[in-house]
């Protein structure tokens, strides 16, 4: 790992056309240089704070969060990012609102936005719905701004949907950049994004999809592995293949964890529910079919149980490059013998990588702050330079 | 609509005797000039923020919110107003507190107020209770301040009670002032505050009461219309009549939506539960009589269903002045064919007025901020002038 | 009561070795001079705010709260303290988090702390568990900081555990210091910490333990009284005796409220569940044994009912020094004829002491703020002096 930089690295010339005033919904909608700007701004924000310089650039303002599913680390990352820049978090708790009153997304979107700067949304339960909901909110905000209802158009940040989990994958990428020294150094590196056994079911597809949708753009050799029948959304898999070709990397789908691990520089073993199961589950959830959901869960757990050998064990780690691949996970992991009897990863493997795993998670607040900042400021390099020059202490 | 002003309009001479250190519980307890000050401060706050000047006048401080009923737009308006002025919101969630422990209102009021500046309360479920509760809190705060328990006496803002909804009616008035150009221009204008059909029941009386309690003070011709048996609290209706006489306007109660709409400049069709039903409902709620409540709901919905023709249709809109009356609603509305099969308003009417309706809602954060500011500052014109002169950017 | 001071009294020479970067978990782990520093900083913070000088010393930052049991006054005190110093509160609501997902304390502790300054925890339900949980969090934070996962090690403040309630006892001590003029004046004063009857059961032991664990260090004559079978954690009782000897005071345990009240300068009658009952309750809670819990409650209430005479009546107050002992309570109290038919204290006694009781409670925000400030700043006198000199107005 490199020594930390102590100078603003965000290039003055960095293009933010794809970021300023644009929602951050899918990494593959952003140009590579925009992604590099996000990483660079995140690094600068971290560097400033580590030097006790406050990067607060809002005197007041609101960051709305709408968590339609449970969250700890993303919730705290969002709150930390907002606070770092000077925004107060206001949670949209749909249970305490009048939304049950028959209110439309179009209307609620405008109503919460009169003085809001950023809206963060987690909506990952329904396949085909989460990302679509974010776009519906976005369209409503566009309309309200165009109509003069809103004085400004708040930016939306995807805090995990059915398709992508960009704050996770970008934090993961910043971790890789930090560990390997540069994005350039990632070229040719082999990453194994693999399914892993879990005693629970219904885990979203957004993490593996986010990883293959992002890492295939960096010239990496991306290997996706899962037991037969555990496929991801086909469009995202196709996209990954296309992107790998364009970036000079490769993308392969295999049905063997061992094959994916073989010679890998990085492994990311993580459970998920098969695409077709998530489709059935979505329908059952929509119909509130409790018996159907119970039946599906039973069926799936029985299916999962056939693949208990998809565990990231010490033996499998030995297959990786020099037996020393970087182990990654979005956390929390199902650790065999710790959080469950048998799960995604052996306790000794997890423990050996605990520190880098936690560092990986620690990038998320800065990634979210960078997404907020680039959404609201056309010249991030300028604002960061000003903040550094002013040097206002965060803790007096 | 006028071009936006870009200069502080709050008059240096504006009297705030009725506002500074005084709770805002009912509009009709305030002098007309106090209401004008609120409108003017709200306009100035909006103007400052629209010019990216931060009107933050608290370096720290708390705004407590106590929502005893669901809320979206008032909750976000309160949070936005607090943040705009520099206060942090702390929610009093009675479910997570020790209030069930047998604690008195008198005690809780003091306990949450040691470092608080503002307390906002929504309590609209029990007829005869909501406003009374706010006064009980106020008396407890007076006593605690007099006793030296509190270093200052926090101000209370009524965020909707059983009698009035002043943050709503004042936002509505600021909307009217903006649309018609001035309060002076509202003189002689005809407004129809009418009941409308809804497939739900138990909606509070505070909005129609708030409207007739405020608009009768402006020399307007106020027409209140409802089907027989759907009356409001008699004292408020009497007050409206008295005020209309004093302001040179008029106040009429009719039992026909058509009659009220006829020649109207403004229409405000909105469902509510009859006063006598709310009385029975309050008793049943107090007794936790679930069967009684179910029976009452059934009876009321059957009654409502007799008045499905009380819908704001295109035909009825044609009865208004040149067929172009301003349609108003506190939102969310029951829109026929959108949020329900048949409701308060036809979809085409609602859609035509959607933008002004959302702008109407957008005044609420500024009205609440103005109520906060005038409660804490004896010279709002001075503080606004200072803020403008200082010109601190909200977004750097 | 003395006239309020208007000068910073925190001594420049005050040692903060035991406070800076150290968690505040038990008062008896802190040196007496550290406790004096807390009191002094709390007084100075209150003095600054009362003079409308903002003691904000963080430009941004988070104070995490984790309330595993209901709270009103401690929750608001924590929020007030955080806001006063410039920190935003972020609540860790374990029900909305992924903690149920099988996440370890070790992991969650790191995940919520990347940009956090302070973590406040209330965990008082399980005997042997609350304080242990706080130490587990602390060890996880130490490890994460040592590993470079966290840029700083957030400080933990015990907001009530199974053993101590230091923010309460320290606020109580500041109240005593204020009423009696100085800590010196407390020497030789007789305080009666006594059990009192309550119609509820299962009240934590942390308040009486906190009081005997703190007041025995000040040369006071501490009398602990309870009906036979209502003992506290034996180790804390032993500690109290040892400390009393060292401080030149005394510590006695009696089984008579009258005896404890006799000649007392201060009385603190408060209900609690016996130690051995809390042990059984903890086991039943762990096993989720609802029937067992119901049975235990029934048994305990029947036992309590045998001691209805343990009420702080006017007659008992007459036994105190000149009949004028200072009555104290952590609130809310079970007031006979007010919040219950028969309880801890007669209504007339409570009412006579209501104002001092509320003032007692009003010290808690400043005590918590002092714990936060001394945890993060090595030189509290310096920072307080700077804040006073700068004189930034809290309300403009």
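Quick notes on this structure:
For reference, chains read A, B and C in written order, and residue numbers begin at 1 within each chain.
Operating definition for what follows: a residue touches a chain if its C-beta (ideal position, glycine included) is under 8 Å from a C-beta of that chain, and two chains touch if they have at least 3 such contacts.
It should be emphasised that the depicted structure is a prediction, and the values quoted were computed from it without experimental measurement.
Chain A and chain C touch with mostly distinct residues; of the residue numbers seen at this interface, under half occur in both copies. The rotation relating chain A to chain B, fitted on Cα atoms, amounts to 120°, rounded to the nearest 5. Per-chain CA centroids place chain A at a distance of 41 Å from chain C. Shared interface positions of chain A, i.e. residues touching 2 or more other chains, are given as 88.
Contact residues of chain C toward chain B in the complex are 49-50, 54, 56, 67, 70-73, 75-77, 79-80, 83-84, 86, 88-89, 331-332, 334, 338-340, 355, 358-359, 361-362, 364-365, 392-396. Across the complex, chain B is touched by residues 57-62, 64, 88, 90, 92, 96-104, 107-108, 110-112, 114-117, 144, 147-151, 376-377, 383, 386 of chain A.
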